[in-house]
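Both complexes shown next keep chain A, but they swap its partner, so chain B is in the first and chain C is in the second.
Presenting the complex of A and B:
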């Protein structure tokens, strides 16, 4: 193997794949980054067996070959290289890689390349394309509702329910739910359900550029996202996603329109007085006034704000963290809350007509004995 | 009063209670320990006569018997100890309202502001010792100091029937030469970590650079440093025991269990017991701790927190199982299992879920609790308790559960 590239190209690529490197895995090979030359480019890849990322960058290749280098060393080195042309060359004597930069050179001991797990894409697969910008947008709107509890893996994923030219994208940790519907052009008569790990989609939004078209390949229990130079491969979560349609209320009994920022700030202040792990705040609405209040061992707080309310007055208790996650994900100045009953989910959605909403269940207060 | 804080430590408490109740035991070597039929056959307390033969707390009963063939070995009777402890606390409350029970056989007293009742802490301590001896028949060691730490250290300096004053001026002479493990708050693990820093005596800790201790141990490091210098700011809190922080239960298994399948049976039974108690107290908790002891007596203790506080058996069991799989190799035999739930708060609210699972679990637990309230803890059990690996329905061991 013999190639050269610039520091910038190398570092960018390393920073993309480095997120899949697994430093705390009993398999030492997984702490490495694989380098493989191609025609005028080099592809590097890393995987923790759940998620794999590879990235190609332009390089002058004078001799084909591949190697696996320790991720920690090569990442930190790449960051500290001077801004010159960098040469990588296998040392035929001992299998290490000689890196030349300017007048300096380093020789790094690698791992046996044949031990590195291959990214295999089964032949029997389904393909479609989606705009990176839309996908990023959608993920940021629903990902907050995924569960963080690894002991319930199903809820750590996001459901992509694709049917013909529409996709329903849903996340829930069972206490709240976020749903978004988008139109997909020219994908044919596709009918698939995928549950993609939240972590994978989080990484995807980090590494994929806004302008990219994303080619998505689905095969058995894997999903592969491809842009021009990046490939991200992840396992899919198995199991049946709960029937989200049955819990989305079709009508409401009253609704309120308010400034998103106002409610976020008020509930953030109010939750300062609540105890860790259970930031329960009370919200009541009467005569176009919304009151946020708490009354705890730490003290009391009461904030009023003007809203537009249609229907009868009401009173609820919420987990402030859940409420704020939903409000922040909306990203519009104004938000509409639709109420469907004292213990039924509240619908939170943007004012603008958009096929997006999230559901939040109010907290049930139990009398202190 | 310069030294208003007292710590009274009942000497050989369990053994002394038996001696106080049965005069024939007085002056005889008495040891209280587990039932020989069971595996936890260790000495919980020994009278000073038994200690003279070399019997020590924590020793296996068979070992104690060989050291002290004339010894009288008794089964523990916790109801007696609780009753005696309450009597002692009542006597203390005649001295000051600020009594903080610290364990079943120790309590702190704060005599600040009681100057016009007693000439000095010393006369108050003598009177306290006299009344406890006369009214309950028990002896105690009293430590007197300007704060809780020094009172506690002082109480340990003379046993039995001691009375020691430890003021700030005594710290270099009396506390600093002591080995580090004698310092209040230093257990075996912390001792090892302090030894690694070449700290072997309290004096060495008192002179160690504070910045290093803070870096190594965080806030605990700072508290240790102050403690080694005799400084302690904590107040005597009469309500400290009323605040429940965690609820747990542990079981020594009737035989060594092997493989996750067997261990998980006991784990589920334990989660049931713990959650039942948590619910009885009206609590929910966030942090699940699993403790396992192997046949080699080496143990691991690991915790994990969940997002929302809960008292549902299945929520706790799911986390406990995950901890088991993560931190215990499947082949390793298990001798003891413990589960506890910490970060307890009063259950004042409940976050329902969209699919009705929380409501279902709530109803199920409420009904089971109602059945147990009415017909007893054994009236309804998990099906696993009836399998060969279950311990709660095993007739010899039923007293372990509930």
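Presenting the complex of A and C:
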């Protein structure tokens, strides 16, 4: 293997794939980045067996070949290279790679390339395309509701329920839920349900460009996202997502319209006085005034804001972190809160016409139960 | 060389012991999982029987079944079909949806009895 490239191209590609490097995996090969030359380009890839990312960058290739280099070393080196052309040349005798930059050179010992897991795309698969911008938007609106608990893997994923040119995208950790519906063009009569790990989608939003069209390939238990130069492959989460429609209330008893930022800032301030791990704040609404209050050992706080309220006055307690996650995900200046009853979740919706909502359960306070 | 052979042999014995222990742990884990599934099923059956009896005995008994379910939920267990009988941390949307649905039933039943 012998190729040369610029520091910028090399570093960009390494920063993309190193997100899939597994430094804690007992298999040492997974702590490496694979380099493979092509016609006028080099493709580098990394995987932790759950998620794999590959990225191509232009290079002058004078001898074809492949090698696996330790990710930590090559990433840090690439950051610190001077801004000159970088030459890579592998030594077939001892498996090391000589890297030349300016008048200097380094020799890095690699891993046996045959031990690196192959990214295989099964032949029997389903393909469709989606705008990267729309997908990023959707992911940012629902990902906050995924669970972090790996003991419940189903809820660490996001459901994509694709049917008749529409996609219902849902995430829930059973305490809160976020739902978004989008229209998909040119997908024909596709009818599939996918549960994609939240971690995969999080990485996808970081590595894929906004303007990219994403080609999505779905195989039996894998999903592959492809842009012009990046390929991200991930396992799918097995199992049946619970019927999320049953938890979305169909009617409300009162609703409030308010400025999203006002409520976020008030609840952030109020939560400073709450106990760590239990940021419970009270919200009461009466006569078009919403009051955020907290009364703890640390002190008390009361903030008022003007809102438009329809229906009876009410009082609820919420987990401030959950409330803020939902409000920040909406991305609109104004928000509507629909209250559906003491045992029911509050529905949080944007004012603008958008098929999006999130649900948040009020906290039942001890004296009320 | 003899020394190296001895060390390797000892390591082999240790690995065999470790493997046997892992196997034992695996068996125990499976037994506990099976028992857990059985217990959750039993718990579900008890509550289902309670609800069925309630449905046969009129609205009052059904309310009692619902009250029992609410009690179970308040004691920190899921009552939804997703995680029935499992310990819960915080309120659950699916349990609440189930309770809302069940609360509507007695009202409907009372209306039909009138």
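Observations on the model:
Criterion: the second predicted complex is superposed on the first by the 367 of 369 C-alpha atoms of A that agree within 3 Å, B and C clash if a C-alpha of one lies under 4 Å from a C-alpha of the other, contacts with A are read in each partner's own complex, and residues count from 1 in each chain.
Methods note: a contact is a pair of C-beta atoms (placed from the backbone, for glycine too) under 8 Å apart; a residue touches a chain by one contact, two chains touch by 3 or more.
Note that the structure is predicted; figures quoted are calculated from it, not measured.
Partners chain B and chain C, once the complexes are superposed on chain A, run into each other and clash. Look at A:148: by the touch rule set out above, it reaches chain B but stays clear of chain C. Once the two complexes are overlaid on the shared chain, A:172 sits against chain B and chain C alike. In the superposition on chain A, contact is made by A:363 with both chain B and chain C.
In the superposed model, A:108 makes contact with neither chain B nor chain C. By the touch criterion defined above, A:247 reaches both chain B and chain C.
By the touch criterion defined above, A:275 reaches chain B but does not reach chain C. Legend: residue contacts after superposition of the two complexes on their common chain; A:73 is shown touching neither chain B nor chain C. Once the two complexes are overlaid on the shared chain, A:341 sits against chain C while remaining clear of chain B. With both complexes placed on chain A, chain A has more residues touched by B than by the other of chain B and chain C. Common to the chain B-facing and chain C-facing surfaces of chain A are residues 172, 174-177, 242, 247, 343, 345, 359, 361, 363-364, 369. Within the complex formed with chain C, the residues of chain A that make contact are 172, 174-177, 242, 246-247, 249, 341, 343-345, 359, 361, 363-364, 369. Residue ranges on chain A touching chain B, taken from their complex, read 147-152, 172, 174-177, 242, 247, 275, 277-278, 280, 317, 319, 322, 343, 345, 359, 361-366, 368-369. Residues 74, 81-83, 90-94, 96-97, 99-101, 103 of chain C are the ones touching chain A in the complex. Considering their complex, residues 282, 286, 306-309, 318-319, 322, 343, 345-355, 357-358 of chain B touch chain A.
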